[in-house]
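See below for the structure under consideration.
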Amino acid sequence: MEHKVREWKQVMIPYEQAVEELKVKFKAIRKEYRDMNEYSPIEFITGRVKRISSILEKCKRYNIPEENIDEMEDIAGIRVMCQFIDDIYKVVDLIRARDGKDLSIVYEKDYIGNPKDSGYKSYHIIIRYPVQTAFGTKEVLAELQIRTLAMNFWATIEHSLNYKYQDKLPLDIKERLKKTADAASMLDLEMSDIRNEIIRAQLMFEQKSNL
Amino acid sequence: MEHKVREWKQVMIPYEQAVEELKVKFKAIRKEYRDMNEYSPIEFITGRVKRISSILEKCKRYNIPEENIDEMEDIAGIRVMCQFIDDIYKVVDLIRARDGKDLSIVYEKDYIGNPKDSGYKSYHIIIRYPVQTAFGTKEVLAELQIRTLAMNFWATIEHSLNYKYQDKLPLDIKERLKKTADAASMLDLEMSDIRNEIIRAQLMFEQKSNL
Amino acid sequence: MEHKVREWKQVMIPYEQAVEELKVKFKAIRKEYRDMNEYSPIEFITGRVKRISSILEKCKRYNIPEENIDEMEDIAGIRVMCQFIDDIYKVVDLIRARDGKDLSIVYEKDYIGNPKDSGYKSYHIIIRYPVQTAFGTKEVLAELQIRTLAMNFWATIEHSLNYKYQDKLPLDIKERLKKTADAASMLDLEMSDIRNEIIRAQLMFEQKSNL
Amino acid sequence: MEHKVREWKQVMIPYEQAVEELKVKFKAIRKEYRDMNEYSPIEFITGRVKRISSILEKCKRYNIPEENIDEMEDIAGIRVMCQFIDDIYKVVDLIRARDGKDLSIVYEKDYIGNPKDSGYKSYHIIIRYPVQTAFGTKEVLAELQIRTLAMNFWATIEHSLNYKYQDKLPLDIKERLKKTADAASMLDLEMSDIRNEIIRAQLMFEQKSNL
């Protein structure tokens, strides 16, 4: 048993380190824009390592042998929150620009263009990330989720409802959650609209001034 | 000039310390609930000290003499984010329970029951908070803003629009922002509704089981 | 068992919070001096909560009933490191000045004037510290250890030897450790001497300049 | 002027990021050993970016044109503190094992085998470290200083004396500082001796047990 605990700790070390390093790296992006007095497409960052109990549960549910957990894509997870939908794609571009440098992109999943049935929206990028530990080099998979504050707000509440009711949400509740996802999306679009209108107004004003 | 900078630094010290201490204290509340495997009414905390330039601007605008800045209520600011509207009032109760202990409440302002014209919603509590510094004891005012994630999402965007356009938002934009505030509130109410419905369903189920 | 773990977690909550708050408070002192461009008597701070296993061990060894652990003085521990011996007494004065405000002093133990047989040196202050938790107010005991970098260097190594050899250090090793404690103290005295000599030289120079 | 400040901020960004990333990486090493219940050769880590005023001063003193500051080796600095002298070389080995991976070693300087005239001891490794910023990739130089707690204790005090007296320490003070450096080294050697003696004793005991 003691031996098993030790083994798991060793397995988790590179994932924990990947999350720590990626958090520092994405927080740096925000700091850089702000240091330069430029608008940052990143509002805030969170990160977490999947708990061992959740990993084992997932292994069971999807019939994954324990020795294959390094194929799991979401043990290391980073969440990037943006103010506007457009910012998400700026962040995606920043990540793509690092492909082949400190990380490599495995694949992307656009749950904004194609939301999940539940109403879930986010842009996911699965990356391969090399970490140097005291016990050697290891390359781990990590999942980057990029989303607006409204998408995050909705997802946080969906998650906490699902957690409390163990994924057995009654159908009518599910329906209502989906409608609120639509409402959250509407809010995001309206906000983007407002911003774009102001930007247009400003450009027109500047062009007039330059005449 | 150098002398002035030094003076301002000394003025700000107790405010900075108050924010640091209050952040640690409110984060502790969340940790305590989670350690006990109980639902935390607090989702996350941020804190900031008003920048000196903003303090001076406010002095000018409201004709406050510089030596009276300790009457300003928002130099030290703490923001508490909750998932559901009900949580806000639980947090308010937790703060009231500390009144006369490590802090004292000066007054409360309910911008949820009475939103600002702009559409702004939050529950504000102004407190007096004593800090011990290397240069003596000082009691400072601090503003606690308690709000849902949706209220915060809206307020963040309103703030960043106002900041970019220096409080001169065109009327139609203002109107639209206000409508989005309503949309955000609807979302909050719907979310609360969903949660309450589930709680009711659960209670009914438990009562049946007890027959 | 699960029940027991939960209970212990609840017991530890106010201690963890006390350590967090005290760390923030002592770090603030250093920041305040540096903000004012003054020499800080505090070089750095560490803090820890005694592990549950160590608490139980101590209960056993000293025959303390588990329900009396709130009489234990070192569950919450804060360590304040100083550059020079004189700084220790400045820190002691800063703490005494807070007595009856945010903390109250229970007693002091001067292991610098009266080192332990092992050679251990530090200034200890036991305080009572009130914490507000989500589950009510609680007053806990905490131990503040104030020491120079050299005292800390020696104590760290002594601790790690004792830990490795489970408090069964052979007599000759103990003797040698004690001699190194003397060597560390000599170093501290010499360093203080150098500093004082420079201060004296400077004062003389300034007096001459003023003639 | 404003333009100049902005330019400097941009110059400093990759250095600040390098320090943040390296601090996280070296702290991870310590965490890894402790997670595995193994002795960590790293006791603690600090990091700092040279202040712009100090960079300019150094440019002046050594006649370095401002556009060549990326040849400066100590703008980004990481300090690794160890308990015992032997640990320093274990840390050096860990860094060498990463050469060509996330960092590359430019050169090493052994101020332990060859202390500076002042008495200063430390093991220095100059590395090249690539950082990805929002504004592109940049490779910076960084200086890793690896030292024991005693070496650090001495260096901290030497630095603070030099700082206070602007590098104009009187000769006799310098002599005394050097003697204290010797005393600090003696302490380190004695401590190592004690540790080795215990390890030898233990091995002999184990061999006897195996007869």
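Which chain is which? They are A, B, C and D, in the order written, and residues in each are numbered from 1.
FYI, contacts are C-beta pairs under 8 Å (C-beta built on N, C-alpha and C of every residue); 3 or more make two chains touch, one makes a residue touch a chain.
What you see is a predicted model; the values in this text were computed from it and never measured.
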{"item": "Both-way neighbours, i.e. chains that touch chain D and touch chain C", "value": "none"}
{"item": "Relative to chain A, chain with the most remote C-alpha centre", "value": "C"}
{"item": "Computed distance of Cα centres, chain C from chain B, in Å", "value": "35"}
{"item": "Distance from the mean Cα position of chain C to that of chain A, given in whole angstrom", "value": "42"}
{"item": "Where chain A and chain B are represented by their mean Cα positions, the distance between them in whole Å", "value": "26"}
{"item": "Set of chain B residues in contact with two or more other chains", "value": "none"}
{"item": "Chain-level touch network, classified as line, ring, star, complete or other", "value": "ring"}
{"item": "Full enumeration of touching chain pairs", "value": "A-B, A-D, B-C, C-D"}
{"item": "Chain C residues within the chain B interface of the complex", "value": "6, 9-10, 13, 16-17, 20-21, 24-25, 28-29, 31-33, 35-37, 94, 97-98, 101-102, 130, 132-135, 137"}
{"item": "Interface residues, chain D side, partner chain C - complex", "value": "43, 83-84, 149-150, 152-153, 156-157, 160-161, 164-165, 169-170, 173, 176-177, 179-180, 183-184, 186-187, 190-191, 193-195, 197-198, 201"}
